[in-house]
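Beneath this line is the structure, given in structure tokens, with notes to follow.
Labels A, B, C and D are assigned to the chains in the order they are written; within every chain, residues are numbered from 1.
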Amino acid sequence: MNRVLPLFHRWPFAFALLLALVLLVLNLIVSPSFLSPARLPGTLATLAPFVLVGFASTPSILAGGIDISVGPLATFINCLFVAVLLPAGLGSWHLAAPIILVVAAGIGALNGVLVAVVRLHPVVATTGMLFLLVGLSLTIAQNPVAAPDNWTEVLAGGIGFVPGAFLSIGVAGLIWFALRRTAFVSNLLATGESDISAYGSGVNIKVIRILAYTLGGLFAGIAGLALTAIVQSSQSSLAATYALLGLAAAVLGGTSLAGGRGGLLGALFGAVAIYLLQQLLTASGVAPSLIQFAYGAVLVVGVVLGATLLAPRLKRNAT
Amino acid sequence: MTLPRTQSPKAPAARATAWARFRARTIEVPALQILVVVALAAWLVITMPAIANPRSITSILVITSLLALAAMGQTLVVILGGLDLAAPGYILFGAFMAANVAGKLAVPSVVALLITVVVCGGIGALIGWICHRLTVQPLVVTLGIGAAITGATLFLADGDYSSAPPDALRSLASLRGTTFGLPFPPIILIVFLCGVGMWLFLNRTAAGRRFYATGINFRAARLARIRTSAVWTIVFAASGALAGVAGTFIASFGSGWSQTIGEPYLFSGLAAVLVGGSIFGSIRGSYTRTLLGALILTLLSTIIVSNGLTEAQSRIVFGVIILTVVSLYGRERHVRNRF
Amino acid sequence: APDSSAGAAPAQVSPAAAGTCGSVPTDAANDPNGLLADFPEEIAEGYNLYPYEIRKSAWAGYKSPKEGGFTAAIVGMPPASPFIASMSEAIRTSLQDNGVKIVGDFAPDDPSNVPLQLQQFNEALSLKPDVIIYTAIAPQPSVGLAKAAHDAGIPLVAAQIPIDSEFAVSVTRNTPLAVAQVTAGTVGALGGKGTVLRVEGIPGIPASTFANMGIDAVLKNCPEIKVAGSVTGFFQPATAQVEVQKFLATNPAGVDGVLQAGTMGVGIRNAFEESGMEVPPIADDGSSHGFSSWALANPDYPFFGTTTPSVRTGEAVVDVALRILKGDGPKINQIVQPSVIVSRENLATMADRSWNHNDLTDLAGAPEDYLPIDRLNEFFTQSDK
Amino acid sequence: MNNQPSGLMLAGVSKRFGATHALIDGHLHLRPGEVHTLLGENGSGKSTLVKILGGVHRSDAGSITLDGVPVNSRSPRAAMDLGIAVVFQEVLTAGNQSVLENVWLGSHGMFRRRLGRAGQRSITRDVLSRIAGEVPLDLPAGQLSLSERQSICIARALVRRPKVLILDESTASLDVKSRDLLFVELRRLKAEGTAILFISHRMDEVEEISDRVTVLRSGRSVSTVDRSDLSIDRLITDMTGNSGHDQTRRLPHDPGDIILRGTALRLSPASAPIDFELRAGEVVGLAGLEGHGQDQFIKRLAGVAAGPGSVDRILPEGDKGLTERNGDDLGVAYLPRERRGESLFESMSIRENFALPTLAKDRRGGLLDTRNTARRFEAFAQSLSLRFGAGQDAISTLSGGNQQKVLLARWLATDPKVLLLNDPTRGVDIGTKREIYAILHRLSAEGMSVVILSSEIDELVELVDRVLVFRDQAVFAQIDHSNLSTESIVAAYFGQKSEVHT
């Protein structure tokens, strides 16, 4: 244990990773075909929106805020694509993808402006945005619209041997990986942990915050596409399902709500763990009400364990 | 302790002008909210003179009361600097107790209420205690517990959503109900008394001060010998119990329940707290504000309904209102002023 | 208990002449290939207003290689409403009674969790059952699943929520027609003029969409019916009550009638009673014990409702599944049955005075009223049962 | 260009915060190659001036030029780009980030890094070794001591090679060793031509390092004095506007009965146990280099930290163990060190902050009588000569030193028999300090016992009966009144016991 604990301290996502691995093994026991090549693309495709919504929640948390509107943003993007862009003939990927990503990032940026410039509390700003997005989704797609054949199906299926989900998750991951190599992520983490310190040291925390929410919006946009890939219709009622899921994934993955600690890897493993848990409970035929119960219980246990046994205690005035 | 009186204080460096005082006061008192309430009410009365009848007013007040009751615990948690995402779970449980236990199994209403308070309060207490003890953020813990309560309640209900709460409970929230012979239902009085009680507690008791202090600066509160663990436990317990009771009232008012009965109250309850102008972990948070916030939202949605706006449009209006109203008076301080 | 021996035939609720307000419009079914022409008139009429295209079933020539010992997987909805709970239970019991082994029984935790249900469907497919019985949350993405099931050689029977695909056999009531019928009755009772309030269900889900089709179809013929307002009740009587009360607070004059998307009748009625108003005619699709017994106690009240026989729905679904497996050959992909209409004429036989007026239990009606065996036979090429 | 003086020129700079005139017509000339000290009471506007230079605030009026070029920074970033590096009054580090990241924080662009990793490391190691000794670069900054964190903040300014370096009370959080290293470094920078603006409330430091001193009083710059004319008395007169604060060293004192006893207290598992007795009316000082256990020790005495050994309050009716909660009942009050983190309730009013632990005194029939609170507060405000607008203003409107006085009042109001003060005068101006000393003298004469941890040696010499000097989590030396001197304490800091009695 003495050798294991420091690992957990070093990598905040280690707990979620462990949990995901355990759940993966259990899933394989309950349903041996779980990872069979035939099922894998479908499985990954339903996993992708989870992961991406988790990604989308992460940058704002790292920046010391919170964004509870990423789930509704993903559904809004889904409605936008299916109910507006496709009928308007803007559905081809080279038109739709840029439009969608710009819109999503723009909405994220708007959140950022509300938080950083208007200086609303992040919960207030993003709750307001949540209401707006749900209203807009219902306005443009009151009723579910089935999507004609379109390019997002690739994200649910695959290109050759590559499952399509790798594409959507991969793009988001790459963006983050590229940013990690710049000073941006350091600036972001410092801002999240102590905006006073970052500001006093010359970091432009306003821009950092706006960019963090923008990045979250961008990831939520990708999540919206991944969602469209599996539902192939506009589903405005999905907002409720995803509203707080991303948050749960991010926090389970070791990202601290106090800001400044965590990363996308945590959200990835957190989302995978939640997904695998649902999968496990489903496969073992548990009553639906108990799926929810178990989801809640694991979330609590995970967060409590992750935050106490395993997180480092910063020692003030260490000897 | 007596101390020598040294020379009188040097001329106060900060002699606030009357104007600055006035501004500070208007921020302390929810003046803007009162103004908004008056404006909305005036608008309603002018555009729809027919609304000025006792029954319509009672109806608006009852709906406000339900929202305010559901947001009461949330107010406390927000003052403590957190969010209680378990509220839908508590409300669902309370509704289940009202309909299936008090209604179908004919358990006396008082007993059902008591069970609700004990169960939801107990779970809340556990959340508060755990979050305090292990220093974890309540946000995700309450989210998880909320899901767990929902799951457990649905498991208990086993698909039975057809019972109605007993008449004893229904008369508490019924528009036709009377209170001591007066023509309004008891829930209005109950929420009003809660408002008065909360005001006294928050502003006029030592416990209220300690509670605020814990929300504002947890470490300093401990060092000021406040039992922060008790504060957290009690606040989350109160949040649970109040939301549970709100659930029984909501089910009694609507004469029934369903799986998603609590969900609308999470976000609109939070909206009531925010529009009221309570600020996370600050002295500027009170239940009076939440009452005003609930009234604003109810008036607003009444206007929306009466103008034939759709659900979609009403959501958009809510979003815009939260953003504008809070940016008018609830802005955070600039970093440069937090140095 | 209701006397179930009488009232098997749907009551005639639409005396108004065709094309006038209060009549049920007779828009042709969506049947480009004229498949319904092979059916008896009364069955074909049941497809009135039904939106999905009637197609030749992809399972028409299918027969399971097995002779018996079938396996089935259920992908259902969470028991969020009494109807779903009881239908799911009926499906399970009926399968077992017929010696079918249930190899998987899934339902998502929340009635809006589409992705989880899709995930569960994939899980069900991987179990390779002989048949899948599916109650979809979202029918649109299910079209692709039906294809996937067909590719895997697994027949898919859609219970209650129809799927617009020739690869699935949907067994459902005709919701738009049912809502149109009760709506027609209600506006008819108003004499074709007056103000009405619309109470929507959950915006965006199929049940709501279908209900709106039915209401809109009827109102098309009613120039003198004014929609005074519209509120959203989320199919929950409690929510509907709050919203209607808010509406009534600002419209103290009230309205002459209420058109609702279904199952919220008791809440709407309570809203009027609570507001101290007389209860206007309320189109009560998906009626409840509470409303029907209250209507029984108020003999002057013009009542128009429908029953939803959950148990029989479940049994019929299983029956269809077994017939497909045995190679009976479903003719078309949509097996649709009009709902049983409850009105003054048959109310006494359906409802019971002793029921609590707030009891939200579905008014189940008589089981044999819904998709009786001889009617079901018509949908299969070989019906030698 | 020729007629423009080089260096930083401030002329007629003013700044108002609401009704507060923090800075009025400020004048200052900071020349290249000098250490210029800014002196003033708490709330006299020093930090405001610094923040204007640092781009945090914008001045309402006046002009600022650097080598003739106008300085109009809208953000710390802009100031930095002009070559002005500021170490602000707060210790600004991000605890989860590594030391290296912290040192370079803000030096990079939004995306672009200014320097390769290796380059960053070598410069950081070089700078830190000059001002703080060895600091591991990859450790999260939160795990370091306050002094080390302050060194990081200073290093952050130094790696930018500024033309103007501003240190706002930076030495308040430094231990003696680091401070001495810093002074060496400042002299070196000065020789290289850097202009240094230095702020401190410690007269010894001011005397030691300043080339010139500018005094601010109530937001106005009242005088600028050359090193040759420097005299503490003159400075104090300028600062306060009146002379007559005379320094009184505490006279030896007959202690009363034992009222607090610590038995076998261990500050770390390996360290020697400490036995400690406190007598009525005694003033005991705790000293030591940062992180050597004195802080832990005072927390143990206060009951707010746990560990092996026990602390008992000796009462006529018997001994009582001290815990985190029962301090008030036992008459033990503890003033924590970190004001913002451990003491202040920022959105609460001054009065509410004051009254928090003593609310029971204002209870009338279960409810609070706020007028009584106000009365009690006024009494303390008078005797501590507090500068404030109104009692119901937020405490955050007060300057740091005045906040400190409110906190002192908070604990004095509990009528303590034992007062434990964790560095209570850090950042408090010299006038106020003297007032606080006078109060402590009076109270101890009335029988109250005081334990005071101080990072300021002069303060200990002036104030206490005996000093415990900590080294390596144990009491290294106990210096009694007769041997008390700056030299003896410093010697003990560094482990020399020559003239020390144990």
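Quick note on the criterion: a contact is a pair of C-beta atoms (placed from the backbone, for glycine too) under 8 Å apart; a residue touches a chain by one contact, two chains touch by 3 or more.
Heads up on the chains, UniProt names are A, B = ABC transporter permease; D = Sugar ABC transporter ATP-binding protein.
Nothing here was measured: the structure is a model prediction, and the numbers come from that model.
Q: Spell out the chains that contact chain C while also contacting chain D.
A: Intersection of chain C and chain D contact lists gives A, B.
Q: Identify the chain pair with more contacting C-beta pairs: A-B or A-C.
A: By the number of C-beta pairs in contact, the winner is A-B.
Q: Report back the single chain whose CA centre is most distant from the CA centre of chain C.
A: Centroid comparison gives D as the farthest chain from chain C.
Q: What is the distance in Å between the mean C-alpha positions of chain A and chain B?
A: 29
Q: List the centre-to-centre spacing of chain A and chain C in whole Å, with centres computed as mean CA coordinates.
A: Each chain reduced to its C-alpha mean, chain A and chain C end up 37 Å apart.
Q: With chain centres defined as C-alpha means, what is the inter-centre distance between chain B and chain D in Å?
A: Taking the mean C-alpha position of each chain, the two centres sit 42 Å apart.
Q: Could you list the positions in chain A whose residues touch two or more of the other chains?
A: Each of 138, 142, 196, 199-200, 240, 287-289, 291-292, 295 in chain A touches at least two other chains.
Q: Among the residues of chain C, pick out those that touch two or more other chains and give their numbers.
A: If we look for residues of chain C contacting two or more partner chains, we find 78-79, 109-110, 203.
Q: Taking each residue of chain B in turn, which ones touch at least two of the other chains?
A: Residues 151, 154, 279, 310-312, 336, 339 of chain B each touch two or more of the other chains.
Q: With touch defined as at the top, which chains are paired up in contact here?
A: Those chain pairs which touch are A-B, A-C, A-D, B-C, B-D.
Q: Under the definition above, what is the set of chain B residues touching chain A in their complex?
A: Counting only chain B, the residues touching chain A are 83, 85, 130, 134-137, 139-141, 143-155, 263, 267, 270-271, 274, 279-280, 310-320, 322-323, 326-327, 330-336, 338-339.
Q: Can you list the residues on chain A that touch chain D in the complex?
A: Answer in residue numbers: 179, 182-184, 186-187, 189-190, 193-194, 196-204, 207-208, 211, 260-261, 312, 314-319.
Q: Which residues of chain D touch chain A once you look at their complex with the stated criterion?
A: Touch list, chain D to chain A: 54, 56, 75-77, 79-80, 86, 88, 90, 92-97, 101-102, 105-113, 140, 142-146, 156, 267-268, 290-291, 293, 295-296, 473.
Q: Could you list, by residue number, the parts of chain C that touch chain B in their complex?
A: Checking each residue of chain C against chain B gives 78-82, 84-86, 109-111, 200, 203, 228-232, 234-243, 245-253, 266-267, 270, 273-276, 288-290, 356, 358-362.
Q: Inside the complex, what are the residues of chain D that reach chain B?
A: It comes out as residues 18-21, 43, 47, 51, 56-57, 88-90, 218-219, 304, 324-325, 327-328, 334, 336, 341-349, 352, 355-357, 359-360, 362-363, 366-368, 379-390, 393, 397, 399, 410, 412-413, 415, 435, 439, 442-443.
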